[in-house]
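Should a chain be cited, it is by its letter among A, B, C and D, assigned in written order, with residues numbered from 1 in that chain.
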């Protein structure tokens, strides 16, 4: 996370030197972000810790602040085809317009088209200029499930602005806030009083020529429907770790530890643990135990030249192309974590989440008793 | 279970030839079982199966019948020190006296002493003559938890009469009936309309000179508090299966598969599966997977001569003496299963039990969604 | 296995009454099985057990005998495209011709075409008359791996003659004999001195109209490459057992317990245990433990109507068609086990197999020691 | 690890200001450490990383340097009662005397007594002054197994000097070097060319009045031989995480992840992962999955007031007193990691270790093949 500070500091400097060709007068009538200012640089300030030990910078939540400025632009992202979500989106946009009229409200094109009558002041990105998201958006509000949250990643090439995710009902690991409470939470964000949890991401790269893909939950190689087991060699920093025969291999973030990796038998990893999980899917082995690798690990998964089956690469459950015998994917930590606005008390929230969402450690209702406690 | 038929049939024959020295006139005033008749031989009749396949005799529940007679003697066993249980016991004894006055109600000595005023007609076993239980009792009613149920085993040397267990509240694998429903269930037993589930038991023997101990849930060797790991060699029919270094080894019945063996990582075994579970406790190995052995297996667990630690044998959670280096215990199926009066529809009841009691397969509340389902 | 006796007995009767239209004079020149006699009925005789307990009929190996006759026809099945295998096949066929000239040697059409010059006396099945296998073959010899062994099932509609499988090198659960030893083992089969292990099979049926498919290892439903998790309801004898969200569900035989079900976390089941394994593949649950169901269980797996993903059915790793929302497959025990010629001492062989093949319970090389054993 | 720098820096300052009452002339004749100088402050210098990402300070190995000085004192610690070990110890002491005569060789009293004839120049700590170890020792050489290594912790109250551990044969996670190679490795240490792996330790404290105990592998609460399951509430930063009924709970370091926690089902954690493992021992639950907690976590394990059984606390396998109902232990990261001299290429060494020592991911010898690959 040192890096976060460094980057933010670096940008604060460079921004002042940039020729601000976009920073013309703000013209709401045009309805696109082309006319609005470049975003404000946020600052993450380390919060105190309870344990009294001098901790690593990566082990904390941070305070999200806007030094010397206020955020100028918010992007609202929604789950599609859900009437309740659309209604909340309109309500939040109107609230912004009323409460913080200086803040630009940006919508994705399809959403903008749908709601421009109700929200005449809303903006959208000009056609074909998706880099506008990265240039302008100070923070993102999501409405919907985890999928909506994950979708945000795809709008930004690398660095993603702070995200404040709202659930329409059930809370979750990635959805700490109920939409019913949106006004209070959004005020905290705008006023620089929110708490941010930096969630480690990975990047997956198939070959040097391919562009790297950001990973929020997990990257994996899986045989898919191919009936033969796939043989995959796993390398750690270019040293062969193991060669696995089975359905596949998962490489997950702490965030992803409660997704597919958990189904595959991996541990539950607290989001402030800096580590990469490597877990097999249905290995032909009794002795493949999940591994916790250092955050600095460079993991390579190579479909073995002698593998009977080929395979497919997946990122966050989405297929990313075939991987034939001899080919490999490489996975390493991204320098750009997701900055998730979160509840202040992470330990309490996480304890609630693993109990309520994962049904963690449900003790049997009816313990077998030992015979000598009872009887006449 | 063929054996059950054979034994029951054999006894039906021999009983008619025995000199009935005990079968004097029934003298309630003496208050002991010495004066009552030898028990009626029950008969287990195979029930139809849904699958239409010609199954093994051990794969069924049975109908409990009393051919040519009715049961003459019931033993009531209770959990100690529970006012609610004592009240139910008195109520059931009175119900028997009223409904089936020809049936002798027998209580264990301490229970008899406590309740003889309220139940002047109740009998108990004469001092020092515990074989009277086996001679006289036609069926057993238990009131309390699993422990009370397991306690019944200890009153009978080998064969145990059919047991009808009542729970005071929470139902369980071994407690299919609520005491509130006792009259209906007991009528079914007496009238020969009850269903019986034969639950496999094991016998554990430490050495040829020791008497075998009956096992309802599991026999095990565990290092206890001894800090060194114990090295245990496991033999199957005198062939070395494996040598395990760890906290211990569990050998369990299907009934015990949901007790300690489940905590140690074993599978959930339906009670009509004829098999013996072998599972390790905290083995120093990544590759010790639980084993399902045939019901005919003779399992020997030997503390290795080179083991750094010695250990203790346990049966159903109760310590049964130390096992030093070079010593072993042997475990095999008992010819005397527990005949448990049960719900007619075992599949339905078992499905309920694993869901309600074990919290089987609780799916996560909030599935991670895939990103391309959502977003604008 | 009672059933085995019953069927064999039943056939012994019916065969004498059949109009033997095929039983013409044996004409080797025609080169097909059309001219050879119907097979001899084998008899399985129960072997003694070591434990001294009166066991269930399903818990034993059997002696394979040919009462009042000798086997007349052997089918040789081979792994394709392996020069070493073809060489062994020719050698065995020649050995039969020399040692037991009265025994017909049958080959599958492609094998027959390849080797008819070297083996002019070999027969094959007439075109389009695959029922000839069932009519004529007394026993089967396989040469190759497990796949060759499994392939035999597909040549017979239901009942499969005794199989004697030869490995070309590595022995295995299904490959107890090395081809180097073929003469001694084949003599034992022909002379009625071999031991047979009956391996339970299952039948999988997609709908009432579909024909049932025999299962040697496992039937399963899996999402395949479909990215959404599949929701599958599992029924036991028509009672809902659980509804699983995940990659899939496996229903396996004891034989299949060391195949895909083992990779999915299931226990290792001895082949003489009469039970059906139900295990999940990557369930979205912390609490889905493998289940051991009775051999009489009728298991239904239904893709839930609300499942986001559909799925594919597989038998022994081979796709058997899609299963859409609302559809189900039903799995139950087949009355026709595979009769596998096996080593006499099953316990010893099985112990070897799980150790050598599965690398069962490999203890760590370098146990962590406790601190107070050591140091100055 | 920032803290390491801070502490080392802090000491460098304070040492120059300390009144060096011990720093008298060096009198070898007295044979104790009382007369030798206070130790040299080592310096840990961060090594380059392969991934090119700006990493956390805790994710690296370090170079061990002695800025502006050379180490003055080495402590040799040995496994007791092993002739081969004693012989190596004498050889190493003589080598030091010959190669680096300015370096004091210190032995524990019993070792000193045994070898003072062969090693007349060796020193020992004065009776009752165990703080001398901390005052004087620059680095420690251990000869023996993991136990010897762990024993070193007990000689130092908190900060432990760098340790270079030699195995007498089998290498291990904690034993990267074979004693046969001692000269080369010790030269690297003295000359400031060695690599150090900082291994996180924990401290366990039973109550505010008790002194904290350092933990290298794991702290745990276990029911021991007490037959009743123990109910333990686990708190994370004072928030209730879960209440477990079972045999016990383990809280382990990454180093301890391959010890008892691995036997209990925990993941394999690379030593450069900053995390605390929480794993249950035989829980009465299907859904207790191991947890990876942040290094800053304060974990409290409390025996529940309603627990039927009490329990015992253990540190690194050694009993540390009873824990009755209502009592608790608290575990947190120690600011004093063990500084272990290690191989330069940690990734390679770790990959070797998990494969050779833990028999990680042993693939089955004989993969089940799919039927349609084979057959004629």
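Convention: a contact is a pair of C-beta atoms (placed from the backbone, for glycine too) under 8 Å apart; a residue touches a chain by one contact, two chains touch by 3 or more.
In UniProt terms the chains read A, B, C, D = NADH kinase pos5.
What you see is a predicted model, and the numbers here were worked out from it, not measured in a lab.
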Joint neighbours of subunit D and subunit B, given as chain labels: A, C
A-C against B-C, pair bridged by the larger set of C-beta contacts: B-C
CA centroid of subunit C to CA centroid of subunit D, Å: 52
Separation of subunit A from subunit C, taking each centre as the mean of its C-alpha atoms, in whole Å: 48
Whole-Å separation of chain centres (CA-atom averages), subunit B against subunit C: 36
Residues of subunit B whose C-beta touches two or more other chains: 227, 260, 262, 283-289, 317-318, 358-360, 362-364, 370, 373
Subunit D-facing residues of subunit A, complex: 1-3, 6, 49-51, 53-60, 227-229, 236-245, 254, 257, 262, 266-270, 272-275, 277, 280, 283-298, 332-333, 335, 345, 347-348, 350-351, 354-355, 358-364, 367, 370, 373
Residues on subunit D engaged by subunit B in the complex (per definition of touch): 222, 224-225, 227, 246-247, 260, 262-265, 281-287, 312, 314, 317-319, 358-360, 362
Of subunit B, residues touching subunit A in the complex: 77-80, 107-111, 144-148, 150-154, 170-173, 175, 217, 258-260, 285-289, 316-318, 356-359, 362-366, 368-376
